[in-house]
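Chain lettering (A, B and C) follows the sequence in which the chains are written, and residue indices restart at 1 in each chain.
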Amino acid sequence: MGDEAMIGEDDDSDIRRAIEAILMVSVDPVAPNLLAQLMEMPTKKVEAICSSLADGYEAEGRGFVLLRVGGGYRFQSHPAQAEWVERFVLEGQHSRLTSAALETLAIVAYKQPISRNQVSAIRGVDVDTVIRTLQQRGYIEVVATDPGPGNALMFGTSQGFLESMGIDQVSDLPSLGDFVPGPELVEALERGLLAEPDVVELEAEAEAEVGGEPECGSDTEVPVDDRT
Amino acid sequence: MSVTVSTPVYEGPFDLLLNLILREEVELYEVSLSSIVDAYLAELENMDSCDLEMATEFLLIAAILLELKTRRLLPTDDRFDIDDEFGLWEERDLLLARLLECKTFKDAAVQLRRLAADASLSWPRRAGLEDAFLHLAPDLLAGVSPVDLRDAGRRALAPKPVFHIDTEHIAPIRVSVADAVCQMVDEIPHEGTVTFKSLTEGMVDRIAIVVRFLAVLELFKQGIVEIDQVDTFGDIHVSWRPGADRAEIDLIDVYEG
Amino acid sequence: MGDEAMIGEDDDSDIRRAIEAILMVSVDPVAPNLLAQLMEMPTKKVEAICSSLADGYEAEGRGFVLLRVGGGYRFQSHPAQAEWVERFVLEGQHSRLTSAALETLAIVAYKQPISRNQVSAIRGVDVDTVIRTLQQRGYIEVVATDPGPGNALMFGTSQGFLESMGIDQVSDLPSLGDFVPGPELVEALERGLLAEPDVVELEAEAEAEVGGEPECGSDTEVPVDDRT
């Protein structure tokens, strides 16, 4: 770096900011050539900036590090802060799955093998984060690849799931049995809405439908963040 | 004046009404409903699919406008009962209150839109726990029984209600003028006359009687029957026209008056 | 860094590091009192440190921010880097809400808890579809059941709503009073709704008779609250 680095300082700070932003929101390590592609600059340059960023954090005594891991860069907690993170994990984390997450897990458990898109179609919302959490926590895993176009990953429950539930095999789960309508559906039915029993059936079309939002009125549409 | 309904989409039941009244202080009775309908239909054609909600809202707006229009166009009775007059005012005040409320939340929604737009520029970190700490994380399924899971499954897989319009109250019209014509050529004697009352004997449905009446008029138009009404509001006598051939009857599929 | 002289400073910097590490591994906003509990220090102190951290990132021109949102602190990408992040995220993660949905959302947000019928009464149309959409997108949720007859489900905004709006709590929303139409608009509306010119005279007489009963529509107050 040395002298030349000083000249390019102003340019670099923009790139640095962009890289910090991208790495902050990325779930997986980001490959330097992907960054290079996005920034339209040489990979070497990206790598130099990333490593100067990492050095900077270390020098400033930050609680996080920028790590080169698994073929890419990722923000992580600083190893020296492990004790605090452990304390947070043990005491602070929600100790239960949200009802949304539990419902997603139930869908996977009862409908496995099932693709992410199929789960999405049933839930009516994006399930990426939840699926990731369930996978990360070892309750579900990829059990197959859909032979059809797209080769979607098919998820199923894991051994860890069986252990947590205290059952030997998936078929030990209680039968879904006769459908008992919940209060919401009862209310909807009372209001003259029709139940659509076919929804339970998984169809190939469901996957195709996931992409299209049923919302209309394109001109007045407003982007609303939906990353919940 | 011309009301140009140029809004790309009608949204919110009172929006249009609100705009119409506020914009250039539109006099309601000058609002041409047909021009609004035309603009609306043009808009519908531009859309890929019919938005039921939008269509419904439009109908509601049209109904409100129509109601207000008729109220304005009808001459005010000087001997108007004061209670009725109050009722009218109350109704209008209610509408006014609703319009104001609608406007309030409309403006609030604009603010939410701004907040959301600003917030959407910033993405949250979602990477979560690093692998090294995963073993420490408490079992999220602790305390969750298989029955709990089944209940969650039932909730998630329950049939979802779909939008459905109850049309049971709309009686389908099952009688056609063409059918009535066919039936009546057999019922009208070739000699002598028959009364319309007897032709519609036993019919309860008003629409069926109307259709029969139209059928008689149709036969008259085609020169098959003669019609005679002696007294005002008296019974109508129908008789077969001498020399008329039933083969000449032109059966009409669609009656267009 | 001086040794003894900067003891207070060192304490804080330890805490700062710990907070940075914890926030880095958390998915949801971390409540300040949870941090306070872990650090065994007053919540006020934690809040002060967090806000100084946030200010620091801003001053250093970082690509990320430390945001107070949805009742806690969270690392997010800097809004100014939105263009880069969008490029990286690729698929439009921003789902869109129609104006109708947003207006419904506003009603729920300001009048919560509120039943579907109450929302319907304000909107003037059936809101079933919109409510379901908002629920599925995670903006609103059932927060209670009306104890009265019918046991209507009462809706309120969710944590996801706060995060989407970038606010810490519902009370951070601008006051509804700011949106109440001014007297000019009320007058204009009244004029527009006038039945017949001579009715006005009639009304004046009537008012004199009844002793000037206040007209609910004529003053600037909007009866928004009478349904709660």
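As a working rule, a contact is a pair of C-beta atoms (placed from the backbone, for glycine too) under 8 Å apart; a residue touches a chain by one contact, two chains touch by 3 or more.
Here the structure is a predicted model, which is why all the values come from computation and not from measurement.
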item	value
Closest chain to the centre of mass proxy, which here is the mean CA position	C
Chain whose Cα centroid lies at the greatest distance from that of subunit A	B
Approximate Å spacing (C-alpha centroids) for the pair subunit B, subunit C	36
CA centroid of subunit A to CA centroid of subunit C, Å	25
Where subunit A and subunit B are represented by their mean Cα positions, the distance between them in whole Å	45
Set of subunit A residues in contact with two or more other chains	21, 24-26, 75-77, 85, 89, 94, 123-124, 129, 133, 188, 193, 216-217, 220, 222-225, 227
Set of subunit B residues in contact with two or more other chains	9, 11, 53, 113, 116, 119-120, 123-130, 133, 161, 163
Residues of subunit C touching subunit B in the complex	23-27, 64-65, 67, 69, 74-80, 82, 85, 89, 93-94, 97-100, 102-103, 105-107, 109-110, 122-126, 128-130, 163-167, 173-174, 176, 179-181, 185-186, 188-193, 195-196, 198-199, 202-203, 206, 215-218, 222-224
List of subunit B residues in touch with subunit C within their complex	9, 11-14, 18, 20-22, 25-26, 28, 53, 56-57, 60, 68, 71-72, 76, 80, 82, 85-86, 88-89, 92-109, 111-113, 115-116, 118-130, 133, 161, 163
Complex contact set, residues of subunit A against subunit C	13, 16-22, 24-26, 30, 38, 61-64, 75-78, 80-81, 84-85, 87-89, 91-92, 94, 100, 123-126, 129, 133, 183-184, 187-188, 191, 193, 213, 215-217, 220-228
Subunit A-facing residues of subunit B, complex	8-9, 11, 47, 49, 51, 53-54, 113, 116-117, 119-120, 123-130, 132-134, 136-150, 152-164, 166
Contact set on subunit C toward subunit A in their complex	13, 16-22, 24-28, 30, 34, 37-38, 61-64, 75-78, 80-81, 84-85, 87-89, 93-102, 116, 128, 133, 136-139, 142, 145, 151-153, 158-160, 163-164
